[in-house]
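Working notes, structure below.
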Amino acid sequence: MAHLVYPGALHTRFHHALGAFHLLIMAIDNLRTKGVELSDKEAEAASIAALLHDTGHGPFSHALEALFIEDVSHEEVSRLFMEKLNEEYDGKLELALEVFDGRYHRPFLHQLVSSQLDVDRLDYLRRDSFYTGVSEGSIGSDRIIMMMDVRHDELVIEEKGIYSIEKFLLARRFMYWQVYFHKTAVSAEQLLLKILKRAKELALQGIELFATPAFSFFLYQKISKNDFRANSKVLDTFARLDDNDVMASVKTWMDHPDAILSILCRKIINRDLYKIEFQDTPPEAGYVAMLKQKAIEKFGVSEEEADYFVITDSVENRAYSSESTRIKILLKNGQTKDIADVSDRKYLAGLDHTITKHFVCYPKELVQTPEEVL
Amino acid sequence: MAHLVYPGALHTRFHHALGAFHLLIMAIDNLRTKGVELSDKEAEAASIAALLHDTGHGPFSHALEALFIEDVSHEEVSRLFMEKLNEEYDGKLELALEVFDGRYHRPFLHQLVSSQLDVDRLDYLRRDSFYTGVSEGSIGSDRIIMMMDVRHDELVIEEKGIYSIEKFLLARRFMYWQVYFHKTAVSAEQLLLKILKRAKELALQGIELFATPAFSFFLYQKISKNDFRANSKVLDTFARLDDNDVMASVKTWMDHPDAILSILCRKIINRDLYKIEFQDTPPEAGYVAMLKQKAIEKFGVSEEEADYFVITDSVENRAYSSESTRIKILLKNGQTKDIADVSDRKYLAGLDHTITKHFVCYPKELVQTPEEVL
Amino acid sequence: MAHLVYPGALHTRFHHALGAFHLLIMAIDNLRTKGVELSDKEAEAASIAALLHDTGHGPFSHALEALFIEDVSHEEVSRLFMEKLNEEYDGKLELALEVFDGRYHRPFLHQLVSSQLDVDRLDYLRRDSFYTGVSEGSIGSDRIIMMMDVRHDELVIEEKGIYSIEKFLLARRFMYWQVYFHKTAVSAEQLLLKILKRAKELALQGIELFATPAFSFFLYQKISKNDFRANSKVLDTFARLDDNDVMASVKTWMDHPDAILSILCRKIINRDLYKIEFQDTPPEAGYVAMLKQKAIEKFGVSEEEADYFVITDSVENRAYSSESTRIKILLKNGQTKDIADVSDRKYLAGLDHTITKHFVCYPKELVQTPEEVL
Amino acid sequence: MAHLVYPGALHTRFHHALGAFHLLIMAIDNLRTKGVELSDKEAEAASIAALLHDTGHGPFSHALEALFIEDVSHEEVSRLFMEKLNEEYDGKLELALEVFDGRYHRPFLHQLVSSQLDVDRLDYLRRDSFYTGVSEGSIGSDRIIMMMDVRHDELVIEEKGIYSIEKFLLARRFMYWQVYFHKTAVSAEQLLLKILKRAKELALQGIELFATPAFSFFLYQKISKNDFRANSKVLDTFARLDDNDVMASVKTWMDHPDAILSILCRKIINRDLYKIEFQDTPPEAGYVAMLKQKAIEKFGVSEEEADYFVITDSVENRAYSSESTRIKILLKNGQTKDIADVSDRKYLAGLDHTITKHFVCYPKELVQTPEEVL
C-alpha cells in the first residue's frame, strides 16, 4: 500500500523477480571471473531459485497470507510452485529446490538467494528506493555484487566493499521505517486486512459477496496446508488470483448490505484512512477502551465488532542480526570476519537488535468533535 | 499496453493529472514573474482545467472509448465531470469550463491546457520516457515552461528556447513510433479491443458473462451521449470503472463457454500475442484473405468471425501541424513567428504532415506449419 | 570555454579518450555477438586508434592550433604520437595506424573511429550533455552501439535503431548551437585567440613575456609541419603543454607593459567578455568600421590594432552530410539504405546543408555611453 | 587529488561556493515559510557568509596551507577577504562578519553557515558524491533543508527528517574513508606536500626555481599572519594564486637540477605514486627505518632527506561529535533532543569518537627487487 504515500511505487513482483534473477546472473559471472568454480547446472539452479523465490506471494501478500491460508507461508507456496514445475519439466528443477531449501552442499548458492545479503534484498531496496524517490534507501547493488567472493563455499565480501555493505544495512533500516512502515501505508494495510477478515467472516456465514471465481474459492472455504498439497485445484486457483480480483471486489463491496464491510470499503476506496499513532510502548488499555466505546456509539456495533474500527498491533525490524547467517568480510590478509567485528564498525552492534513500534489506529471521526480536538 | 514492452511503465492517469497540474502552476508562476497579469481566479481556473482534463478517460481508454460509448469522446466525458463538480461547488468551476472549452477571452490559458505545446504533452512525454527508459522521448519540461511568455494574450516561446521546442516536437514523434505504436503494444491493444467487442456482442445477445456490476452496466446496454446527459447513474457508474474491473473479468473469461472469447482471453493473459506486421501501404487483399481462410480452418469460425483473428487497421501521427494553433516564437527583436518559419528551421516543414502506418495482425500459429516457415 | 556558461563542464580530453575507448570495446563485443569475425589484433588496433585519436589536440585546441602550428592539423599530430609509440613498441601500432588512416581493408573499423557516427561523437555528445546539463544533447550511446552491425565490411545500423540515430543527429545539432557555439563561449574563445595572437606577435618581436619553458618554445618561434617531423624536441615539448601553462601565463600578462595584451588578459580573467552579436549574414561594413573607430579612440590603438577589439568571423555546422560517408540503415528485409532515404525520414534532407552564423564581437564599453544606449 | 581515483571529480571551489549559497537561500525561504522571522539584512548577511566562507583556501588547500602560511588558517584568510570587501562596500558586510564569526545574537544563522549540519557539508557531500559516482555519499540536501526549523534561535530538524540526518552523518563517514582518504588520493597529496616543502626549502636557500610571480612570492619568503594583516600585497597576491600556478611550475621542475625535486615532480606528473599502507596503529619504527635505509641507498640521499621518500602520518575523522554544537531534533511533542538521544538511535553513540588511520608511504621501487617481492 506504499503507493498511497509514494504514488510512483506501482512496480510489481514480476519486476522484482526479473531483477533478482538478473542480479543472480551478474553475481555468478563475477564469481566465475574470480576463479570460483561453478557448473552450468549450479548456475541454472541458483537462477531458477532466484526467479521463483517469491511466486508464493498472493495479492497484497501479507494481508492475504495471514487470513486465507493461515498455516502456509509464502515460502512454502513458492516451493509448491517449484515442485509443480519440477514435475512438468521432468525433474529439471531438482537442484534448484536443493538450493532454495539450503540443502545443497555449497551454502553460498543458498546465501545468494536467501540470506541477510541476498539478491532479493539487493533488488527490492534499490527498486523500491528508485520508485519511491526515497534516496536514503538507494544502494549500490552492482558494486556489492562485484565485491562478492567465495571462501570455503561461503559467501564473503571483499574488504574494500565494506562501506557499501554498511550502507546497505542502513538503507534497509531506513526503508523499513520510512516506506514499508510509513504510517499511511500501515494504516491502509490494516484497513485492507480488516476488510478481508470481515468478508471472510461473512462468507463463512453463507452471506453472498460479489467476487471473482478465484477469489470466491478462497473466501468461501478454509484452506489449510494440507489442501494445498492434496488438491491441485488449490494451487491452480491461487495462481489465478491477483490484485485485480481483490480491488474489483472491494470496490463492489462499498454497496454491500453489511454496514461494517461497506464502511470499511468506502474508507479505503475514498482514501479516508484511519488515523494511526505510533509509539515505543503498547498503547494504554484505557485509551484503547475509550476509542472502542466511541466506535460502538458512532457505528452502532458490538464490542467485538469494535475491533474492526480500533486496531492495535506492532511492526518490527532488525537492521542486522548476528544470530542468522552473518555477513562475512574477506580481509586483505586473507582472513574472514563478521562485519560487526571489523575495526571501526563497533557501531553496527548498536543495530543488532529488534526495534518494535506499537500502534493504534481508528477512524478520524472518533476524535473530531470540537471539544476533543481541544 | 506499453507495459508489456516496457515493464516499468505502470504509472497511472492520476499521476499524469497531478503532473499536468503541477506544470500548469509552474507556468503561471513563471508568467507572473515576466509581468503577465493573471488574477487568482484565472490561475485557479486553468489549474482546475489541467487537473481534470483527462478524467473522462475510461480504463484502457482508447479501447473502451471506441466500443462502449460510441459517440462520446473522452473530452466530452471530462466536461461532464467538470459540469457535475461545478454544480456541487455552486458554480465555482464556471471559469475553468470556459478555459477548458476555449471560450475564455484570453486564449493563452486554453493553450496551456490544450494545444500543440500544452502541459498535457509536457507531462506525458517526460513521464512516459522516464518510466519506459526511452531516452529519445525525454524533454526539458521545466526549461520549456521557463521560456514561455504571453503576447496579445497568446502563448509564445522566447527565441532562446527554440532548440528545446524542436527537441520537444521530435521527442513526441519518437515516443509515438517507439512506445505508443510499438508493435507489441499495438498488437495487445488490438487483442483487448476484440475481446471487448466479443464480450459486448455476447452480452447484447443476452449471454451471461462474469463482470463487476459497473462493468456489466456498460456491457449489457448501449450507452449514447444522450444517456450520459440524461441519466446521472451513467456518469456515476463510469466513474467506478477502472482497469481492475476489466482485467478481473478478462481473466475469468478464459473459461467462458464461447470459444472465441476464451481463446482471445487466454492469449492476452498468457501473453501469446498476435504477430503484427507494419507497412507503409495497406496489406494486400489477397494476403489478408489467405490469413482469414487459415483462421477459419484453424479455429472453426465463420468468415465474419475471422475478423477476430485477422485484424487490419492503421495508426497515424503528425509531429507538427501548421493547421492547428501554431507554436509561436518570440524573437529577440520583439516579433513573433511560427516556429517553422524561423531561420534554419526549414526542416520542420518536413515533419508537417501525417505519417500513417498500416498493419495486419494474426495469431502466430496461422503461419507456423513447417512448410510455411520455409 | 563552455565552462564559462556551464560551470560543470570541466571534464578533460583524457576522460573523452577513455570514453571513446570504452565505447569502441563495447562496439566490438556487440559486433562479435552478432557474428562479425574480428581478430584480436583488429580489435586491439581499433581500440588503440580510438584511445589516441585526440592526442594531437593542444590546450584550448582550436585557439592554439590556428596560431602556433599553422599548417599542422590535430589529426596529424595525433598521428605523429602514434608513430612515435609505434617505434617505441616495435611496430605494434602498425595496424592501429592503418585503421586510423582508413587504409585498412575493412572500412567499418575506421568508421567506428572516425565517421559521422563514430565513438568520438558518441562519447563527446553524451559526456558534454551530462556535464552541461543540456538535456537536448543527451543520446543513447549504449543503445546505438547495440544496434550496430556490419555488412560487406561497412558499418550499418539495424532498422529498429533508426529513431536513436535521428535523435543522435539532432542532438549534435542542438549541442553545436546551444553549447559549442553558445555566444559566451564563442566570445571567450575569440578573446583567448586574440591574446595568443598578440603574445606571439610580441614574442616574435623579441619582447619578453613570462611563460613556462614549453609555452615559450611555441611562442618564440614559428613551428611548421616539417619541424614536427624533423625535430623530436618539438613533439616532446608539445606533449608537455597543457591548460595550466596557458592560464598561468595569461594571468601574469595582466600586468604586462603592452597595453593591448594586458587589457585583453584582464578582460578574460575578470570575465569582462566582449559583447557578441550573431546574425545570418555578415555584419555590415559600416557598422564594423564605426565600432573600430570607437576602439581606436577608446584604447588609443592603430587601425590595424583595432582588430584586437572588434572581431568578425563565423561558425558553421552541418547536422548530416550526404557527401561524406553516409549512415547506412540495415532494413528488416536485408537491404541497406542511406538513413535519409528510409521512408518518413525525408525531413532529414532539410538538415543536409551547412548552417553558417556570422558574428561581430567587441568590448561592451564601446557602446555604453548614455547617448548611444538610447 | 581525488580526481586521480575518480576522474570526474574536477569540480572547483567556485562551484561549491555557489552551491552553498544556493542552499542557504533555500534554507531561508523554507524557514520563512514556517514562520521564522528573518529580516532581509539577516538573510543577506547569512548568504554572503555562505558564499565567501571558503575564499581563504589556496590552491590544493591543505597542502599549501600547512607549508606557506604556517600560522594562518583558511578561515582566517576568508575573514580577511570579507573584511577587505567590507571596506570596499562601506561596511555592508558588517553583519555577514558577525554571522561568520558566530557573534550574532541569533545562533541559527551561524549554524547554517558553519556547524555539523551546515550548507557547506550539505553541498560538498552531494556534489562530491555526484562527481565521483560514490553513491554511498549521496544525501538528500533538499529534503534536509525542508526539515529545518528554528526554536529559541537555534537550528532544529523536524522529527520526520531524522532518517535523512542519520543518512547524512553516515554519508559523510563513507565519503571520508572512500574518497577524501582514499589511499591513492592521500598518497598523491603527500607527494605534492613533499614537492612544495622541497621547493620552499630550495627557494629559501636562494636556489632558482621557475614559478609564476604570485607563486614565487610565497615560495621565496616566509609569510606570517602579521604579514597578511600588515601588507595588503600579501592578500592580493594570494588571490591571484590557483592550481594553474602550482601545476605549471611542478611540470617545469621535472627538469630541475635538484635531484630530489625532479624525482618527486616526475613521479606526480607521470602518476608513479608512492605505495601507501594504512593501518590502525602507527607503523613499526623498525619497518620505517628499513624503508628509509633503502631510500638512502636507492636515491643517494641523506638520512634527513629520506623523509621525502618515506612518509608516515595519519588521517582522522569523527562521524558525529556530541562535543561540538549538537544536531537537535524537534520532536512531534514540541520538545527538542540531541539526535543521539532520540529512541532507536543509540547506535549513533558508536559513531561519536574519532577514528584515526595511520599510514606509511614510499616509492614502489623500494620493495620491488625480486627477492623482496618473494
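Each chain gets a letter, A, B, C and D, in the order it is written, and its residues are counted from 1.
Note that in this section a contact is a pair of C-beta atoms (placed from the backbone, for glycine too) under 8 Å apart; a residue touches a chain by one contact, two chains touch by 3 or more.
Everything quoted here is computed from the prediction, not taken from an experiment.
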Cα-centroid distance, subunit B relative to subunit C, in whole angstrom: 44
Whole-Å gap separating subunit B and subunit D, where each centre is the average of the chain's CA atoms: 54
Distance between the centres, which are taken as Cα means, of subunit B and subunit A, whole angstrom: 35
Where subunit D touches two or more other chains at once, by residue number: none
Arrangement of touching chains [line / ring / star / complete / other]: ring
Those chain pairs that satisfy the touch definition: A-B, A-D, B-C, C-D
Residue ranges of subunit A in contact with subunit B within the complex: 7-8, 10-12, 14-15, 18, 210, 212-214, 240, 242-245, 247-249, 251-252, 255
Residue ranges of subunit C in contact with subunit B within the complex: 135-136, 138-140, 143, 163-164, 166-167, 170, 174, 177-178, 280, 343-344, 346-351, 355
